[in-house]
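Below you'll find a set of structures to go through.
Two complexes are shown next, each including chain A; its partner changes from chain B in the first to chain C in the second.
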Partner chain A sequence: MSGTYLGMPAFPEAARTAVRDATLRGNLRHATHTIRAKRAAAVAEVSDWAALREAGRRIKDHTLRHLDRYLEQVEASVTAAGGIVHWAADADEANRIVARLVRETGESEVVKVKSMATQETGLNEALAEEGIRAYETDLAELIVQLGRDRPSHILVPAIHRNRGEIRDVFRAEMGAWGRPAPEGLTDTPAQLAEAARLHLREKFLRAKVGVSGANFVVAETGTLVVVESEGNGRMCLTLPETLISVVGIEKVVPTWRDLEVFLQTLPRSSTAERMNPYTSMWTGTTEGDGPRVFHLVLLDNGRTDTLADEVGRQALRCIRCSACLNVCPVYERAGGHAYGSVYPGPIGAILSPQLRGTGSAVDASLPYASSLCGACYEVCPVAIDIPEVLVHLRERVVQGGPAVRGGNRVVLRPARGHAAERAAMRAARWAFARPGVLRTGQRLASRTRRFHPRTLPGPGRAWSATRDLPPVPAEPFRDWWRRTGGGADETKGAAR
Partner chain B sequence: MRVALFLTCVNDTLYPDTGRAVVRLLTRLGVEVDFPMGQTCCGQAHYNTGYRHEAEPLAVRFAEVFRGYEAIVTPSGSCGAMVRELYPRLGERARAEGRGDTLAATLAPVVPKTYELTEFLVDVVGVTDVGAYYPHTVTYHPTCHGLRSLGLGDRPRRLLEAVRGLELVELPGAEECCGFGGTFAVKNPDVSAAMGADKVRHAVSTGAEVLCAADNSCLMHLGGTMARLRTGLRPVHIAEILASTEGEARG
Partner chain C sequence: MSGRERVLGRVRRALADVPRDERPYEEVIARDYLREHGQRTPAKTADLLARNLADYRALVHRCAPGEVAATIAGLLAARGARTVLVPAGLDPAWLAESGAERVEDRAESTPGELDLVDSVVTGCAVAIAETGTLVLDGSAGQGRRRVTLVPDHHICVVRVPDQVVASVPLALPRLDPARPLTWISGPSATSDIELSRVEGVHGPRTLEVVLAGAE
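Right after this comes the complex of A and B.
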């Protein structure tokens, strides 16, 4: 993924900073709670939601199981419709292909539709190195780009910014990228939107090359689908002469009937809308209408490796709705940047360590960035059991084991920094296999209870910095049970 | 009916009063309770931290210790969920690793017989009024594994509503996690503490005297936070409320 994220600190350290940022906490709390309630209402009005969710799960599982076949079908149908298909094994290859395609047009700038795949590959930075300027046209992505910031949410990349901050970014930065912000710009939503509209319109009308991702690719016809709210995506998809779409290989659905399921579940899960305002669909090229040249770059970048993992592969069902982010209590407090990836929140915590591996500090810490409360699984429209995958990845971190990396079977070594924990877990397992040992330990704790401190030193401080320790009782339950003969005195005559 | 109390290692060691309350309550309802001394830990902390293979012998021990009982009752939503939801998964994973069906077969018999306390009371004993008296204002926090893994639904609430003298007040944001999460509490202490502080703030806003839950591990985190913040709110396990009677309150 993008080089921007290399060397990110582990999640707990990054989250510590975020937790203490009162403005950020306020922005996130307000935004996530608002969308959370709206989503719940939008889902509640669909009587067959559970069936739609199950259908979505099955369609994705079926497609992933036969992905080789469906990808070849996509290649054939897109080619037949006049498109040109490219295959990219990793981010670098995808970036090289796109840069080459842009250079071949003779252009030095592109307009972009909001796209997670190109965020993942770090395309903008790669194009900049080739002297090609990429303009983000999604409002929130524009805010992030102008602010030299990083996205912190899949759907609302500038969720961490409030209106005042956005006004300041527009005023300070728009001029360097094109049309400056109007004089006297305030922080009212209408004025901010108008400033963005004027700034972007200039780019839409000038651009000869558009770059997009896609929410879905329908294999039977080779049709790409982009679902959006603003209409800026529609501009990029229709006005330029050349359109280049970078799409993860897991975005395929076999048929239009399958697509129907997701066009119901995606808007309700992401923006809490019954139907999103703009759904753009295109099949290759059409004479006299829209782009004259269409390139589809199919991106693997760790997806085939992920597909090889029996437990972890369900992460590839994800349709990027971000319902799991909005409902996650950890995301709400830590913010998106702490996840060190373009995919934050619960889905990011299972996707990034699979797509990138668990080698870096942040990737090895992501599986632990969850209290396993299960709210993410509950709202997921394709029933990804995120807690199950988190625990599976924790196992990979502490224990290592077989995995597939770069298409090769490897045996991963346990990550560093878990030796003390591993020893403690083994010791606990040993003691728990011997009730006598457990009892001795309990008694020792009870007899010394007057001397227990209220706070702990060393690693124990992680608990006792904010929480008192529970007092240890005079005797454990099992001693009471034995001493009283199963509580005979206490319960005598109590039976009705 | 003879049932086994699976108290859990945390309750056995730190919260014996919860265990005594379960014994008192079930005996009062005519249920014969046994506490198999061979029980220790279900393996949840091991499993959830990534030590599945260390959890396996503990799960096998659990299955052997509790196999002979008609029902296994536990006053813990998360340990109940470990047995009901995750023991079958231990078996599946062992099978996927080419280790055959032995583990799955060993664990299978105890899975459907394991009940969280409120589930056992409402579904098996068939009561919601357990004859309790508890003259206090109480707010209830549904813990995540009870709520989302076991699907306890409104069972705890129905039991509490039937307690005489008890005034139940609504907890804002009740279904949000308290931030305990087992080893999450120490691996991500800042986020955990922030979640705990928000939960406690909500509990305080209700004006209740008692914060009730069906899981002492969550209450250990919340109780520790409440004590540190000197809120005056008391954490009390639901079993202790349901076991309370008028006689005790007077005595």
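Right after this comes the complex of A and C.
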């Protein structure tokens, strides 16, 4: 994934800084609470939500389990409709392909639809190195790009910014990128949206190359679908002469009819709308309407590694609605940047360590960035059991074991930071297998209970810093059982 | 090895655990969900469409089939539109009563030229009541995708009841995926500032829908 995030601190350190930022916490709390209630109301409107969710889960699972067949079908149908299909095994390859395609048009700038896939590959930075300027056109992406910031939410990358901060960014930075912010710009959302409209208009009208992702690719027809609100997507998808869409291989659905499920579940889950303002669907190229040349770049970049994990592969069902972020108590407090990835929140905590591996400090810490409360699973429109995958990934971090990285089978070494925990567990296993040892240990613990510290020393300190140690009873359970005959005769004198 | 072979090879190795004789798509995908939510008469469905369009800030006007021209003329006049973009194949009767100058959409019209036009009038392929959605497919009277995007004022005529369906599952079979499709639910909007919805960004900021049919 993108080099932008190299050297990120592990989640706990990043989160510690973030939770001290009162403005950030206020912004996040306001935004997530606004959307939470609205999503619940939008979902409650449809009586068959559970059935839609189950159908979505099954369509995605089935597609993933036969992905090779469906990818070949996509290739055939897109090609038949006049598109050109490219395959990219990793981020570098995808960026190289896109840069080459842009160079071949002779252009030096592109307009972009908001796209997670190209965020993930760090496309803008790669294009900049080739002398190609990429303009983000989604309002939130524009705020992030102008502010030289990083995205902190899947749907609303500038969720960490409030209206006053956005106004300041527009005033200070728009001029350097094109049309400056209007005089006397205030912080009302309508005026800020108007400023973005004016700033981007000239770019849309002269654009020759558009770059997008896609929410869905229909295998049987070769149709791509982009779901959006502002109309910037429509601008980028229809006005340029060349369109390049970079799409993760997990975005495929088998049939046209499958869209009837996701077009009901996605808008309600993400923006809490019955339907988002604009959805564009295109199949290859159309004479006289829209781009004359269409390229589809199918992106792996860790997805096949994720697919190889029988528990973890369900993360690939994700349709990027971001409902799990909006309900997560950890995300609400720590914010998106702490996750050190373009995919923050609960889905990011299971996706990033699978796409990138658990080699870095931040990726090894992400499976722990959760209280396992399960709210994310409950709202997920494709029923990804995020807590299950989190626990599975914790196991992988602690114990190591077989995995697939870059298409190759590897055996991961257990993480070093968990040596003390592993030693404690080994000791526990040894003791539990020896009744005599266990009995002696328990009796000793009971007799010395007055002298037990309230926190653990040494490597155990981190554990007991946020938890109370369990009190040790005056008498071990097994002694009590033997003495009272299983509780039948409590009157028998206590041992001590 | 090409990118294609590498990716497909990885996919196949990753799926080594999937049995060859797994149940086919048709059996696996349970479609237990509803085709539409609730039973309604065509008139009630049209009411729902009007309500949901208005809920997302589209301006809805209802008229008899014979009053379309007068309704459109009134809307263009109220807007102060001096020019109106006419997509190929638009029913000429619809603009018969308007004094606005007609601008034909030609293949060589640039986006910059479209940007100078005040309004655009189109029909649609289908309208979805439950979601308040209009779908345009670029056939006669609907124009290329750009004509309903660049001008700031879009008037869309829906023939009631034959172009109205209740739900998304009932709309898809009516649409041809080979055509470029645009689904429109209200004027352009954004939720990007503090996750609150604001209408009016890059697409037409005013969407007016004429529901033409007997009340």
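Note that the second predicted complex is superposed on the first by the 427 of 496 C-alpha atoms of A that agree within 3 Å, B and C clash if a C-alpha of one lies under 4 Å from a C-alpha of the other, contacts with A are read in each partner's own complex, and residues count from 1 in each chain.
Note that in this section a residue touches a chain if its C-beta (ideal position, glycine included) is under 8 Å from a C-beta of that chain, and two chains touch if they have at least 3 such contacts.
Since we're looking at a predicted model, the values are computed, not measured.
More residues of chain A lie in touch with C than with the remaining chain of the pair chain B and chain C.
After overlaying the two complexes on the shared chain, residue contacts for A:E310 are found with chain B and with chain C alike. In the superposition on chain A, A:S108 contacts neither chain B nor chain C. In the superposition on chain A, contact of A:T223 is made with chain C only, not with chain B. Of the two partner chains placed around the shared chain by superposition, chain B is the only one that A:V397 touches, whereas chain C remains out of contact. When both complexes are overlaid on chain A, the residue A:M275 reaches chain C alone and has no touch with chain B.
In the superposition on chain A, the residues of chain A contacting both chain B and chain C are 310. Those residues of chain C that touch chain A in the shared complex are 2-4, 6-15, 17-18, 22, 25, 28-34, 37, 52, 56, 107, 110-112, 115, 128, 130-133, 138, 144-146, 149-150, 168-169, 172-173, 177-198, 200-204.
If you check the complex, the residues on chain A that touch chain B are 11-12, 15-16, 19-20, 25, 310-311, 329-330, 333-334, 367-375, 377-378, 388, 391, 393-399, 421-422, 425-426, 428-429, 431-433, 435, 438, 442, 445, 459, 462-470, 472-473, 475-478, 480-482, 486-487, 490-491, 494-496.
Remark: chain B residues 7, 9, 11-17, 19-20, 23-24, 27-30, 33-35, 37-41, 43, 45-55, 57-58, 61, 89, 93, 96, 131, 144-145, 148-149, 175-177, 179-197, 220-221, 223-225, 227-228 touch chain A in the complex. Across the complex, chain C is touched by residues 27, 30-32, 34-35, 46-48, 51-52, 54-55, 58-59, 61-62, 65-68, 71-72, 75, 81, 86-89, 93, 137-140, 143, 155-156, 158-159, 162-163, 166, 189-190, 192-194, 196-197, 200-201, 204-205, 218, 221, 223, 229-232, 234-235, 237-239, 249, 254-261, 263-264, 267, 271, 273-283, 286, 288-290, 298, 300, 304-305, 307-308, 310, 313, 404, 407 of chain A.
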